[in-house]
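Chain IDs A, B and C follow the sequence of writing; residue 1 opens each chain.
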Amino acid sequence: MVTPAPEETTAPPPLAVDDLRVSFAARGGDAAGTLAVDGIGFAVPAGSILGLIGESGSGKSATLLAIAGLLPASARVEGTVRLDGRSLLDLPERQRARLRGRGIGMIFQNPGGSLNPVLTVGSQIDEVLTVHRGLTGRAARAETESLLAKVGIGDPRNRANVYAHQLSGGLKQRVAIAAALAAGPSVLLADEPTTALDATVQAQILDLLLDLVARENLALLLVTHDLAVAASVADRIAVAYAGRIVEEGPAAEVVRRPAHPYSHALGQAALPFGAETMRREDLLPELPGRMASAGGSACAFAPRCPLAVARCRAEVPLLTPFGSGRVACFRAGEVGA
Amino acid sequence: MTRLGFGGWFGLGALGLLVLVALAADLIAPGDPLDIVARPMLPPFTDWAHPLGTDQLGRDVFAAMIHGTRVSLLVGLAAAAGAIGIGIVVGTLAGFLTGWVDDVLMRVTEAFQTVPTFLLALAMVSVLGASTPNIILAIGISSWPQTARLVRAEILSLKSRDYVDAARMAGMRPLMVAFREVLPGALQPVIALVGVTVGAAILVESSLAFLGLGDPNEVSWGGMVANGRAVLRIAPHLVVIPGLAVALAVLSVSLIGDAFGRRLAPARER
Amino acid sequence: MTRHTGSFIARRLLQAIPVILIVAVGVFALLELAEGDAVDAFLAGTGGGDVAFAERLRQDWGLDQSLPVRFLIYLEAVFTLDLGYSVAVSMPVMQAIAIRLPNTILMMGSAILLSAALGSFFGGIAALKRGTPVDTGITVTGLVLNAMPNFWLGLIFIVVFVVKLSWFPLAGIATIDGPTDFLGRAADIAWHLVLPVLTLALTYMALYLRLMRGAMIETQASEWVRAARARGLPRGRIIRRHIARPALLPVVTMLGLQTGNLLGGSVVIESVFSIPGLGSLAYQAVAQRDLPLVAGILLAGTLLVIVVNLVVDLAYARLDPRVTDDRGRAA
């Protein structure tokens, strides 16, 4: 169930996800598969950034791929995904494909991987313009150059004619962003866009994303495992664990005053930006155990939770409003410094 | 064993059948297949004494087919064995000794690989004369480069492994190390090449025979096709049947080679 | 770009010299192995002469010298393109080769391109329909075609398309008394070459089929294809530009390697279809034991393979932007 964000508007949000479930078919094709996403829901308003944080296995990447419609055919997707109010999941693949690029843009973790090595980077943006906006030839190339300039690439005319391997990681990611935005989508999905980049380049790309979100009024869903990255750009943060959202709220709140024990642990493990105190015993506590698999009839975090009680092992905590956000914990807010 | 797949089993079965036929040729079709035994141009399936009919000289097609198995298989297997043998030796020496030995051997390999294989075999048969041993030699000499390259590459990658160093430390002479320790491991990908090499050898032999350069004392499928060409318009079966046999032999060897290559491949990806 | 290309060509040609030398050694060894020498063959072909005449010829041609000297004389002849005299066709070897070479190049070139095109096309379909009966069918067909003797396939084509259907001519490369204008002659030659080229192409197609199939299965799973899908590009465009095009590179690499096989195959095919090319000249030479001609064709064939490999490598460097020359800049 989606609780509307405090600053709700009358127009439907560019991206709204409700009770999303994703499971992958097991080998051998029997009924039981692997549940990756177990009822995730959130909304991303225009001109804002939602940071979806989680470790591997939390279902964050599967969520992104489900929204974009890029999961393998054997995956089962249930729930609702609305793009500007229009439901996506029940659309036939052809219409879904048309909305990709035009309504939703996506960038991936490995910057070099998004670009075809045997075509010039310019031609790869040209073709998006041709397919979605009907531009060809010189008109397309002119627009490509202006897109390259918009993502901060200098000398776009010559840069458009180079190949991916001739560019640095940061430049490659900028090109990927330009290609994702070429068709003018209202939603941008980013799957760990800065993880594979050097620290300084990371900051540059994050700045670029901030700038683009503001200028183009985008709704950016930024998936990352790095709390610091999310903290530096996101307006709101949602924390995922074992296929569910366990906490969601304004970025500053989730980072500084997390209500869920897991968010608290994440905060402790991340290098805090501008931490005031850095006592040894405060940093990097080891969390015992591994993430549980999704599904199940108890709190997935209970085995590793320092605050777990009997109820946690018997019932699934639901996302309920808490402060200016939501938390899924029976002892929300009790974890503290 | 089931991992051989349908192709592998088909190939194994077909090749087995051909080998049996080759070995039992004198039992199945006694006498000299080049003898004239009946009236010429007898159609197939009319006279059960001559099930596949006779050619334009009155020779029994069935007998010729049976005996032709011998030549094709013998030449194919022997030439391939020779080629692979030479390739293994050259590849091992080059890969293990490196330095100038490697350079020279690789240049020679490159030279043999650049010369069109069939032209070389043709030239050799032309100079040495067309007898079965010469043909085997000619085909063998033209086919070894591929194996040599593969073995050398494998040896180069295996040389740095621990068990080689251990043998060296124990004082084994370098060449002994090469042949006893490294070579067995390097041979695995060669197995996949065997199918290709034997198949190619059979095709070259049949092509040489077709051009009239086969052993004149032996019946060969290629020679039968050449013979049937003269009466192609009226008796195409004289061309079709021997060619089918060649295709079957090459196909079965290829399928076996593929199946074994695939079976061994997963074990290597560790 | 031309500067790099020039040095690239020069380097490759230099690398080819040891190969040519080794081949020359081999050919020389072969000639030495033959019974009788060039003089005997010459006299046998031209009607004989007495012993004194033979001795004088031997002196003239340097055949009475020692082995090393004879080899050097031979080498000099090779590098000055004097490959001796052919009794089989009664003209200098070099001339005979030069006359026949264009026909073979035309046939072989078309066959290489057609075989690569067919192989890539069907290999691509097999990759896209991987695991289905279409895939199995295509792969098996390629294997079966590869196992057929090329002369047999050619003869079968003749039975079907020439004898039964009369769609194509039986032999030769051009119709005698055929059209004389350029377009007419070109069309006539093309018509004659359809069956031989098709035979060659189908027989050697399997390698490209397997290569393209494997390469496309790999590119299909690559990240840039996923990104292209994320950009909403239609499936056809993705297949063409993002899956097939990068997968063609390994196929192009292989083009050169098949040249030797195709040249050998052309010997037989030219004999089957009576095409007057290098292959049938080789056959003639072997049949008449004209060793200088055989040797000359061996050398010419080797050179042809080297040149084709060079051209293919140049083409590959143009196609793959990741190929750089020694100095790290794009070729």
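Keep in mind that, in the parts below, a contact is a pair of C-beta atoms (placed from the backbone, for glycine too) under 8 Å apart; a residue touches a chain by one contact, two chains touch by 3 or more.
Please read these numbers as outputs of a predicted model, since none were measured by experiment.
The fewest steps needed to get from chain A to chain B, moving only between touching chains, is 2. Put simply, the chain farthest from chain C by mean CA position is A.
Spacing of chain A relative to chain B, judged by their CA centroids, is 59 angstrom. A separation of 22 Å divides the Cα centre of chain B from that of chain C. Put simply, the C-alpha centre of chain A and that of chain C have 55 angstrom between them. Chain B makes touch with chain C in their complex at residues 7, 107-108, 110-111, 113-120, 122-128, 199, 203, 206-207, 210-213, 222, 225, 229, 232-233, 236, 239-240, 242-243, 246-248, 250-251, 254-255, 258.
For chain A in complex with chain C, the touching residues are 68, 70, 97-102, 105-106, 108, 110, 113-119, 124, 127-128, 131-132, 163, 165-166, 176, 179-180, 182-183. Those residues of chain C that touch chain A in the shared complex are 222-224, 226-235, 237, 241-242, 245-246, 249, 319-322, 330. Chain contact summary for the complex, chain C toward chain B: residues 18-19, 22-23, 26-27, 30-31, 33-34, 140, 143-144, 146-153, 155-156, 158-159, 163, 259-261, 263-265, 267-268, 271-272, 282-283, 285-287, 289, 291, 294-295, 297-298, 301-302, 305-306, 309.
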